[in-house]
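Take a look at the structure below.
Order of writing sets the chain letters: A, B, C, D, E, F, G and H. Residues in each chain are counted from 1.
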Amino acid sequence: MTPQQAAALLEQFRQGKISPEETLRAFQAAPVTETDLGFAVVDTQRELRKGFPEVIFGAGKTPAQVVAIADKLMKASGRVLVTRITPEHATAFRRKFPKAVYHQDARCLALQKQPLAKRPGVIAIVAAGTSDLPVAEEAAITAEFMGNTVQRIYDVGVAGLHRLLRRVKDLQAANVVVVVAGMEAALPSVVGGLIGRPLIGVPTSVGYGSHFGGLTALLGMLNSCASGLTVVNIDNGFGAAYAASQINSLAAETRT
Amino acid sequence: MTPQQAAALLEQFRQGKISPEETLRAFQAAPVTETDLGFAVVDTQRELRKGFPEVIFGAGKTPAQVVAIADKLMKASGRVLVTRITPEHATAFRRKFPKAVYHQDARCLALQKQPLAKRPGVIAIVAAGTSDLPVAEEAAITAEFMGNTVQRIYDVGVAGLHRLLRRVKDLQAANVVVVVAGMEAALPSVVGGLIGRPLIGVPTSVGYGSHFGGLTALLGMLNSCASGLTVVNIDNGFGAAYAASQINSLAAETRT
Amino acid sequence: MTPQQAAALLEQFRQGKISPEETLRAFQAAPVTETDLGFAVVDTQRELRKGFPEVIFGAGKTPAQVVAIADKLMKASGRVLVTRITPEHATAFRRKFPKAVYHQDARCLALQKQPLAKRPGVIAIVAAGTSDLPVAEEAAITAEFMGNTVQRIYDVGVAGLHRLLRRVKDLQAANVVVVVAGMEAALPSVVGGLIGRPLIGVPTSVGYGSHFGGLTALLGMLNSCASGLTVVNIDNGFGAAYAASQINSLAAETRT
Amino acid sequence: MTPQQAAALLEQFRQGKISPEETLRAFQAAPVTETDLGFAVVDTQRELRKGFPEVIFGAGKTPAQVVAIADKLMKASGRVLVTRITPEHATAFRRKFPKAVYHQDARCLALQKQPLAKRPGVIAIVAAGTSDLPVAEEAAITAEFMGNTVQRIYDVGVAGLHRLLRRVKDLQAANVVVVVAGMEAALPSVVGGLIGRPLIGVPTSVGYGSHFGGLTALLGMLNSCASGLTVVNIDNGFGAAYAASQINSLAAETRT
Amino acid sequence: MTPQQAAALLEQFRQGKISPEETLRAFQAAPVTETDLGFAVVDTQRELRKGFPEVIFGAGKTPAQVVAIADKLMKASGRVLVTRITPEHATAFRRKFPKAVYHQDARCLALQKQPLAKRPGVIAIVAAGTSDLPVAEEAAITAEFMGNTVQRIYDVGVAGLHRLLRRVKDLQAANVVVVVAGMEAALPSVVGGLIGRPLIGVPTSVGYGSHFGGLTALLGMLNSCASGLTVVNIDNGFGAAYAASQINSLAAETRT
Amino acid sequence: MTPQQAAALLEQFRQGKISPEETLRAFQAAPVTETDLGFAVVDTQRELRKGFPEVIFGAGKTPAQVVAIADKLMKASGRVLVTRITPEHATAFRRKFPKAVYHQDARCLALQKQPLAKRPGVIAIVAAGTSDLPVAEEAAITAEFMGNTVQRIYDVGVAGLHRLLRRVKDLQAANVVVVVAGMEAALPSVVGGLIGRPLIGVPTSVGYGSHFGGLTALLGMLNSCASGLTVVNIDNGFGAAYAASQINSLAAETRT
Amino acid sequence: MTPQQAAALLEQFRQGKISPEETLRAFQAAPVTETDLGFAVVDTQRELRKGFPEVIFGAGKTPAQVVAIADKLMKASGRVLVTRITPEHATAFRRKFPKAVYHQDARCLALQKQPLAKRPGVIAIVAAGTSDLPVAEEAAITAEFMGNTVQRIYDVGVAGLHRLLRRVKDLQAANVVVVVAGMEAALPSVVGGLIGRPLIGVPTSVGYGSHFGGLTALLGMLNSCASGLTVVNIDNGFGAAYAASQINSLAAETRT
Amino acid sequence: MTPQQAAALLEQFRQGKISPEETLRAFQAAPVTETDLGFAVVDTQRELRKGFPEVIFGAGKTPAQVVAIADKLMKASGRVLVTRITPEHATAFRRKFPKAVYHQDARCLALQKQPLAKRPGVIAIVAAGTSDLPVAEEAAITAEFMGNTVQRIYDVGVAGLHRLLRRVKDLQAANVVVVVAGMEAALPSVVGGLIGRPLIGVPTSVGYGSHFGGLTALLGMLNSCASGLTVVNIDNGFGAAYAASQINSLAAETRT
């Protein structure tokens, strides 16, 4: 319930159109326009609160569940993004929504009646190695879906520093930089020393030996001395892109 | 060495004013204007690269080392911030720099010839409990020192949800929100559901039992479902404020 | 051996009907009425000691073993519950016991000559997300099987706080609340701030990245500031329901 | 804001006594009667929501802070309990509140205008060894302060099983049993096999070698096969007693 | 090279039958009678040093490798035990050695020209639950193969204490007791309080939730207060039986 | 209550000398001859069950508590051993018991009316380095106090293998070998390859870096390939000696 | 860009052959001769910087990706090594490069127009057990490919010390020793006591129970008292061989 | 016992000068010329085996113990190095050996009748930050004491990459590079990309938050993609220098 809705409700009550009990229940029950699917309560008002509709996390949901939730969201907001999907999800999804785009590398499904207008400002997505690409692509697709222009900077690990250095201009031109790295977790530290913009690190679970499913990369990023670096969970390309989009969107809004 | 400096150097070389060897060395040696103190190489050019001068991390440095580094930085940029200090640092520091301000709660020393002009936009610093205040204050002092307006929202833990809910307007008015929490690590999740702006979590080491020096809070924040939440290291109030300031500064810059 | 049985035994001995040696052996050997199946010693007296017959933990047992143990328990107490089963268990089980009910979501088999009468008082089972449902259902089925009325409150994660708040009345009406959550481990903290009744948290192994198979959720719940929250092992829906039933049963017993 | 208060507010509005804006603000701002001390927001309405006033966690607060919060709570509810205090807290506290009782073993301060009437039902507090006593006493004092009768059963570790077995009657007579153990973390498993009532385990940080500050005891309790056992954080005697009191109180309430 | 062999070698040298260089090499090279298979150096002299021939750890070796090593050992000592095998190992092994006995539960293969005479004294193997049986059987088969009489005491977990207590006589009659437990890791603590003989704990990897592949059971056993309990690695039934056999053998040897 | 006592009790009952209720209570209450000190229940019957009186673990007990428990034990069994004591414990103890021997290196107090007769057989205590001596001495003093002859073999780390090899005869002459090692945790593996007798490893907390308070040494020993090695908790010299004494005692008993 | 190339560039600029802008870009962009494949940026200049061309880490790359990268590297340097491959990689690779050698045990593919001349000096590769061979072979193949003579010393675990001792001469003859061990992680400590040359430990993930995927072996090696031992990541045979080759190459270079 | 000594011994025996028993004992007992101090067995033959006399690890030894061991070593080899000392060690040491040099930063004591001649080749010691200096100095002092020329490169963290890049020539001129870093654990990765020589990483325990006493830095280095990087234990500056000296010494020896 937005403040506007609350004011309207109170006005109705003041005019005697609804009883105190009804009003009270309305306040307690708001925002109830979401649809209860039994297994899920679709939050169709998230766009109001967060500026972007709910995104479906596909892992752990059946294809049928994903399709049902997507259906509700499409009706409410005209766009839906599904992350962490399997090919089975994709098949079921496109049977129902033939216009959906399946980003196989990114493990995402995207569907929208009309793409969002691109806001000004670039989000750079940096990936250390080839095996970090699925996470980087999840970030890139998410950021683009949310109305941002994305600059991909891939395979620029620290072991060959020159690969990174020749992309410094691209890095410095971005409003926000997302760095995705598993085995080369030193990369955000180095990038952080080169730029003055917000920087978000995404550790990946790619590695071996004492990599511990990405924990080593995560800890390395958290302990980096690069000022201004913040971090999201292991493999959470979506979360990093979401945060980057919030930042880019803040910059765009205040621009007038 | 900025691109401008590099271009000037090449021009000098082209005109025969400096030898190829000198030019080459210049490229290799740049940016060498920092002062080598033996125990430390002061990075007086960081302001150029990062938009803000080097901040001194006091822990693990002797008072004399801190004073010496601060002296170099004051000469180069006219402002210096020292974090993680003990009272001994403060005493030695103010003997040398009587105008320095000692923020005891925040364990910080601040010194500047002239404060930075406040940029538009507010950074909200939220603290869950009384014992999280030192970290929250480190964040607040840092953000203010870097030219931001700060809104403090303290002692609003989840166990008494109404304390937080009555501050929703303050939360929603901020450009960036920093949430500092140790025992109530659920706080950023809840805040994240209420706002649409960038949100940075700072786990603190305050707690007991299976809190593991803040690791539990850190992991809780990383696994939060609140979209757009990014995280810094345990107790790293400085880092969160630095990132928040970068975001706020980006918003201010693009505003015209 | 209950006190009654012990007294009877001693009386027999006093009347010279059994020898001292026999009596001594009886004390040492009691309660021996369980049946030794070789691979398992069925505890048919647990109902006397604990108020409820032994429940079979299916994982790690062959279908044949489960059926054999169930057979003994059915004969002794007329009801049997099997948790953590696979479809193979279910098939074998229903071949032997066609009246058994297979709760697929909950991974449980339930069989009883006659259901227990429902005791007064409600147990609320709260689940944060869709992927927490199997554990929540294990709890719900267990609680119902043990003679309790269950109120399911599903998909009410913290990221959309209003979903939870509109169910506050249901929460406050319950005698005991069980909260099942993996990725949204902040949920019990928030629920704990809203109710005054016993609250049991069940962390689930659902999540990714630094979730560590539920350890992060477990630690988050243990460190919650919500007074009165107790916790069971990861995914242990059965254990939470068992404890909730004990509490609800205590309340019912003392009610007269 | 209770439902009653909300209804009254709406009635005032309906009669035109307050404007829509005022009404709206009232809903948003409720429950604001707590006192903001700057460093702490005292939650004087917790008694309404949770059935018991806020308890002060002393660790990490200065003696002056503890006294100031206690002062507010005394005025609101006439009783205050402070846990995890040092002798310095106790001295400062009793200077202000000479009638306060300092439970040195339990590291608690208790102050009440008039003790709560004892509700029927006993809470048994079991401690494995001598070194577990401070945590057991914190639990015992808390439970008593909250209006419960407590039965202490101390030094009954598993290594000498007979010590425990001779107290079986006391265990079976209790409504709830709290088991406190560090090095003998097997104790709750054994107790759980002997009783049919709710059982709460409190691992303690007492131990050495691979005890890891109580983590081993915590994990041992979580993995216990004793049905109905729930667990609180390491050393959290207060939390266990709080939960036990909620259970005992539920039993008492429903008794009529 | 035993002392006898060394003395003989020196005597040969003193008589001039071998050169100093040969003698020196002999000392350096001894005991070289093992056969180098390329992928393995079979230690056919272990029986001399340790009192029992090398046992083959099957996991990580191909069936062909196991057969080749077994062939060498059979020739040298007439008996071979293979642990941690798969059915594939068993098939290949029995094709070569049709008289080999395949203990499927224990995942062992045993082959001997003639069984060892049973030494006096009993080794009791205690297993907490049905799922601990494979490890318990590995221990039992190993102990029997090494010439010991074994008493199996299975499914006697702590949650139903009477199951264990009725076997106290068997426990007290054994020279050594091996306790195998995963979910009921409290069992060795309780057994340790009942007997005065050497006791060896084997944690198993069976469990779920925060069991961590047996680590919780391992730590629980290491921290047990039961004096005289020693522990082997998770699932290491073989190691426990080997140690138990050494103890039992020591007792038998000194008996005359 | 031993079987003899139980038989006597039953006979009394049969003769009508005691009522059924009294008999029943007697069974439930046995073995109650221990003295309840409030903070501790002294187990004066442990000697009967375990073959050796209770040993006092000093850490976490006040000097007064230690003295009080010791007093009870001296009266019951004429000998008492206290481990993990501080100098304060020693001073208080010797004020009460001037004949007590304070083993400062071993952090133990020993007091006995008359030493136990030495049983045949030697226990070898091996220590890797100088810093492992306190734990090794705790083991040595314990083993001697329990009536064993001890052979100390100190500072024989693996880095200088010859130091160990020249003591091989001493190692092979022992009935049991206890190996104490922190930084050189490879030592038990090497010793295990040289002897055929029971071997007990004691990891110590001495080390630095990734030693983790002895966890690394503990894990190293648990994973050793040396057959027959069992392990006790970190720094648990007492436990290793207790187990070694049980083994040595078993060997002595069966010798006739 | 080597210093020579940089000097040449500057000379061109000085002679007016290229503009300042071009020169500046050249400095920023160097070394850009690598080929950008989209998913990978091949570092064809690594041979200049590191003395050896880039090696392809096969895991996580598709066969097609591996082949494409190898193609670029073959053209640039005439030799390519691929590690951590599956049979699928091998099949695809040899379809394109029929002369490639597939080392199945080592999980490597090697291809070179002409093998490197062997430099003087031997690298010894020591493996503790049969199951450590894949990692040892990865090290051996890598070292040979890089132009070194390799001495394999396999199956020489500590439990049978004589197996190792008879190879002491081979160990002492090597310039560098690589020790590969999982379950017998004590091996490097023992080897380190026998030789005076650089020693590199490679923990392997082979083991069970509390081996934790090689972490126990890794920690054991890091805490070894053997002076001069350095360690690489778990299973990183390639890395150890690379470091060993650098050392051997340094020795060879300085030899004249 | 060197091969020469062994041959001489055998010759004596062949000539009948010593008995077989004496010869045998000699072989078993060798190398026994070390002095047994009771608490320590000084290994005066290590110089023969390892090329450098034993170094005393001061931590955990009393000043008197350190002095006594040093006395033996001085007599045997004329030089002694003590690491990890406290000022108390230094005072006691210099009372006995006034010529000893106390390196306070490095926490080392060095004493030698005559310094070793410097071998050709430089070892570079790189330290990331001011707080890493004690460990770096321990490495530097050790390397110098062992006869190496050391190049110190301090405070060159990754966050200001230019500080490192201007020292590239010094890095590339060294035979071996040791990199010491705690908070900036990315440093070895970056250095590894710039040089072709052996590189040894030393993680330090300096840091905060999720640094875990250096574990994060250790794991970061182990997972680095920089080929040729090997790692020592946390804070083990001595070990890194020892390994570096072995490498440098190998290069020097082969140089002729």
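FYI, a contact is a pair of C-beta atoms (placed from the backbone, for glycine too) under 8 Å apart; a residue touches a chain by one contact, two chains touch by 3 or more.
Source: prediction; values computed, not measured.
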Remark   = A correct list of chains touching both chain E and chain F reads C, D, G, H
Ask   = Tell me, which chains sit next to both chain B and chain F?
value = C, D, G, H
Remark   = Larger contact count among E-H and F-G belongs to F-G
Ask   = So which chain is the furthest away from chain F, centre to centre on CA atoms?
value = A
Inquiry  = I'd like to verify one number: the distance from the centre of chain A to the centre of chain E, where each centre is the average of its C-alpha atoms, in whole angstrom.
reply    = 55
Query = Just how far, in Å, is the C-alpha centre of chain G from the one of chain D?
reply = 59
Query = Distance-wise, how many Å sit between the C-alpha centres of chain A and chain H, to the nearest whole number?
reply = 50
Multi-chain contact sites of chain D, meaning residues that touch two or more partners = 160, 193-194, 209-210, 215, 218, 222-223, 227, 233-234
Note = Pairwise, the chains that touch are A-B, A-C, A-D, A-G, A-H, B-C, B-D, B-G, B-H, C-D, C-E, C-F, D-E, D-F, E-F, E-G, E-H, F-G, F-H, G-H
Message = Quick check: in the complex, which residue numbers of chain B touch chain D?
response = 130-131, 133, 154-156, 160, 162-163, 165-166, 168-169, 206, 208-211
Request  = Quick one: which bits of chain D touch chain E in the complex? Just the residue numbers, please.
outcome  = 129, 157-161, 183-187, 189-190, 192-194, 207, 209-212, 215-217, 219-220, 222-227
Interface residues, chain G side, partner chain A - complex = 1, 28-32, 34, 36, 38-41, 43, 45-46, 59-61, 65, 84, 205, 214-215, 218, 233-236
Inquiry  = Can you tell me which positions in chain E touch chain F when the two form their complex?
reply    = 49-52, 55, 120-121, 175-176, 193-200, 218, 222-223, 227-234, 238-240, 242-243, 246-247, 250-256
Ask   = For chain A, which residues are in contact with chain D within the complex?
value = 3, 6-7, 10-11, 13-14, 16, 20-21, 23-24, 27
